[in-house]
Amino acid sequence: MAQTLKPGSGPLDYGNRTWLKILFAAIFFALYAPIFTLIAFSFNTDKRGVVWRGFTFDNYVKAWNNADLQEAMLNSLTIAFISTIIATILGSMVALVLWRFRFPFKAGYEGVMSLPIVIPEICMGVSLLLFFTNAGMMAWSVSFVWPFNLINIIIAHVAFCFPFVAIVVRSRLVGFNRQLEEASKDLGASEWQTFWNVIVPFMMPGLIAGALLAFTLSLDDFVITYFTSGPETVTFPVKVYSLVRRGVSPEINAASTALIVITVVATVLAMKLQAPDKSGKG
Amino acid sequence: MADAIVSLRNVTKTFPGGVKAVDNVSFDIAQNEFFALLGPSGCGKTTLLRMISGLETPTSGQIIIGGEDMALTPPNKRPTNMVFQSYAVFPHMTVADNVAYGLKVTGVPADETKRRVAEALEMVKLTHLAQRKPDQMSGGQRQRVALARALVKRPKVLLLDEPLSALDAKLRDEMRLELTRLQENVGITFIIVTHDQDEALSMASRIAVMDKGAVQQIATPSELYEQPTSRFIADFIGKVNLINARVVSSSASKVVCDAKGLGRIELPHEGPAQGDIAIAVRPEKLKISEAQPKGASAIATEGKVRDVAYFGDTSHVVVRCKDDLELAVNVQNDKRAGGAGVERGQQVWIHWAPEDTLVLTE
Amino acid sequence: MDSWKVNPRVFWTLFTPGTFWLVLFFLIPLGWLFHDSFSDKISITETQFTGTLANYIRAFDAVYLTIIWKSVWISAVATALCLLTAYPIAFGICFAPAKWKPLLLLLVILPFWINLLIRTYALIAVFRTQGYLNLVLGWVGLGPYEMLYNDGAVIVGLVYVYMPFMVLPLYATIERLDRSFLEASLDLGGSQVQTFFKVTLPLTMPGIVTGIILVFIPCLGSFLTPAMLGGANAIMIGNVIEDQFKAANDWPFGSALSFLLMYVTFGALALRAFLASRSKGVDV
């Protein structure tokens, strides 16, 4: 490290240090190069996918026409959609309760509520497998018509998504100025009117961010789905897993790229909505 | 200056984005001075101090400390130490470890370190708290740790960045006296940055007043107060009546001018003067009388009392004179009865000696 | 904040649904798993609770102990590598110009949102024998090398996948660190290296501990990464658990192994809580 100073650059201007810039470039390269090659080679005409032979959309057409992949994608989106709605409702209610009320053993309740986030996914996956099997739901759900046969997976996804939603919504609520609520009641609104007209609009960015988070988590989940899905209820990640075990193909690249685009768009949207907002803080 | 310990030569600091924090500053600080950098916030005084410490590097210009150019010397190799505004006492170390830190990292032998730490703690009266962690201490105590930690290094120059700003009023007065006493005892050059003129006037042997990145005047406290060289200084240090005037004629030792509300007056002034000028007079130099003063030498004007504010030892009286000229007068309340001796609305005369008046050409 | 008694109707309306879901579909399944870990397997599909510790004792058989030990050291090495790469990244972001910070943070977090499976698949395409890395090495006359299906590949995969988990807590602590501590150290004669080890590192320890826990726990419980990159000879506890619940069909043993993972998790969380309470002064 520098034993002398560079003119115009202070000793704490680490952002200007060449070694740090090189390290940054190297780490970001390592982080992104595999993903970008994956995306790039989804447009490759070569079957074995190592050497660039030419640009094509064929892989996307093939992936799109692959009935198995299509079904898996439809399952994934359906599960993500329904789980998101339930998880957002449950998560916001938990957030409201934790924000609004004092009650006995609250710290313990919060701790248990965050457990689905911290325990290893595989433990949650196998515990749900055990539960669904013993409760007969594993065998029972198979007899249902689509999309009701996805019920086990949806239940599992809601269980690990809604604590995340609760955290996001609660962090939004913390910024709420209670005087707005008092002002609304002072002006003659009932508890219920105040909730809908004052609190819900304030919560909205947190609700949307939480919902998008739940959507990506559900869409991306492999481990828990792997244990709770049956042979008829294959999701996209589970399908890709079985394909990958058989080898690399540009078709998987194409399907993966589609999923990457969906999640990245949802994530960037969620982050935009979570950006600090001053309104309502008074 | 022959015995300069710190010399600044055309020091300029431009921050990314083009803000010129310090603009072509040059001056010397002598051995054993208690030197203050005084100015409003954002005037560049802290940046200048940080450049002397090496925590900031000048865009151009030279900083010479103890005869050596410090351009490429990082802060850890400079003979300066700093007392930070937030004190920056390491929270994960005890008081003794904090004070010993600067000696340990530079390889001072353990027994010497121990002795010097004990001396330094003795000096700031913290010996009994040596094993405490900083989070168990008050702001004043943490400041003493910061002082001991810097002084134990025996720097050529001690830099203090707004050292009293985080203390409450009573502690601040105590610490002010203590810093002055400490500086006399250790015989090290102190450079203090402050925005508080009382602090600078009462502690420093010399003061550099800065504004917009440039040094406006360097002088002793009494010179700054009695002989400000510009309107900015006259206005910034203490209270002052500034009166616009226009020069009619000037000679080697005199200026004749037409002043707003005062008419044609003659003032002693050395140096050139022409066009629009300002004349300045401190409120405590003004006298109030009910009748027109006798004797032609005084500058006098008549007006109506607009406001009287009572401050115990003094009263501040505002008098409106001709041409909407408003003059502030400090009246000593030297009698128990009567206060300022004037009332709002009263017609009075104000007068003062021409030699108490300053002619400001800048 | 009001007491729940102020408005019990609203409280119960909001409290019940989430709690119901958490209890029924999270706590009861975990309880069942715990219960099963003390059960005996009596036929292919049936188990019976006997309160036996045999499943836990079996986990300490040489075969499984080796796998547990291997899981621990693979996770430890991966966590250490995450720390070594994430620290300079987090540090660099904190000291980057303000307008760059959000973008740099986004760049670090974004891969975390891309499907774990897809990222692992992308790594396979890079490292396999006919992969891009061997292709590039071939141009300079090296290789091809067999780089996948060993412990090293699993470690690289885990670092690749979990690095963002390390950056975030580190970023949060370094960002909160008062820079005048670093300046004071430099001013007192500490070199950049001394400043880093004596001031920066101890003061950012809470973030380091959080980061280590956030990476170590999922690494230890990982099942996908070793399954895809590790091949037959690099299995970890997660793969053994999967095997017990799928192919081997010994659920009580799988439950016991899962709960061993849970115990480690609880231990790590307790350790963090303990360290947090002890280092309260550091965060001032």
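Letters A, B and C mark the chains in the order given here, with residues in each chain numbered from 1 onward.
In this text, a contact is a pair of C-beta atoms (placed from the backbone, for glycine too) under 8 Å apart; a residue touches a chain by one contact, two chains touch by 3 or more.
These numbers come from a predicted model, not from an experiment.
> If you take the mean of the Cα atoms for each chain, which one ends up farthest from chain C?
The most distant chain relative to chain C turns out to be B.
> Could you tell me which two chains share the largest number of C-beta contact pairs?
A-C
> Can you compute the centre-to-centre distance for chain A and chain C, using the mean CA position of each chain? Integer Å is fine.
Taking the average C-alpha coordinate of chain A and of chain C, the gap between them is 17 Å.
> On a C-alpha centroid basis, what's the spacing between chain B and chain C, in Å?
From the centre of chain B to the centre of chain C is 56 Å.
> Taking each chain's centre as the mean of its CA atoms, how far is chain A from chain B in angstrom?
Whole-Å distance between the two chain centres: 58.
> At least two partner chains per residue is the criterion; list those residues in chain A.
2-3, 11-12
> By residue number and range, which residues of chain B touch two or more other chains?
Those would be 54-55, 74-75.
> On chain C, where are the residues touching two or more other chains?
Correct list: 97, 183, 186, 191.
> Which residues of chain A touch chain C in their complex?
Residue list for chain A touching chain C: 1-3, 11-15, 20, 23-24, 27-28, 30-35, 37-38, 41, 48-51, 89-91, 93-94, 96-97, 99-103, 112-113, 115-116, 118-124, 126-131, 134, 155-156, 158-159, 162-163, 166, 191, 216, 219-220, 222-223, 227, 237, 240-241, 244-245, 248, 252-253, 256, 259-260, 263-264, 267-268, 271.
> Going by the contact rule set out above, which residues of chain B touch chain A in the complex?
So the residues of chain B touching chain A come out as 54-59, 71-75.
> Would you mind writing out the residues of chain A in touch with chain B in their complex?
So the residues of chain A in touch with chain B come to 2-12.
> Given the complex with chain C, which residues does chain B contribute to the contact?
So the residues of chain B touching chain C come out as 16, 53-55, 74-77, 80-82, 84-86, 88, 90-92, 101-102, 105-106, 133-135, 149-150, 153.
> For the complex, which residues does chain C have touching chain A?
Chain C residues touching chain A: 1-4, 6-7, 10-11, 13-15, 17-19, 21-22, 25-30, 32-33, 36, 85, 88-89, 91-92, 95-97, 100, 106-108, 110-111, 113-119, 121-126, 128, 130-132, 135, 160, 163, 179, 182-183, 186, 191-193, 217-218, 220-224, 228, 238, 241-242, 245, 251, 254-255, 258-259, 261-262, 265, 269.
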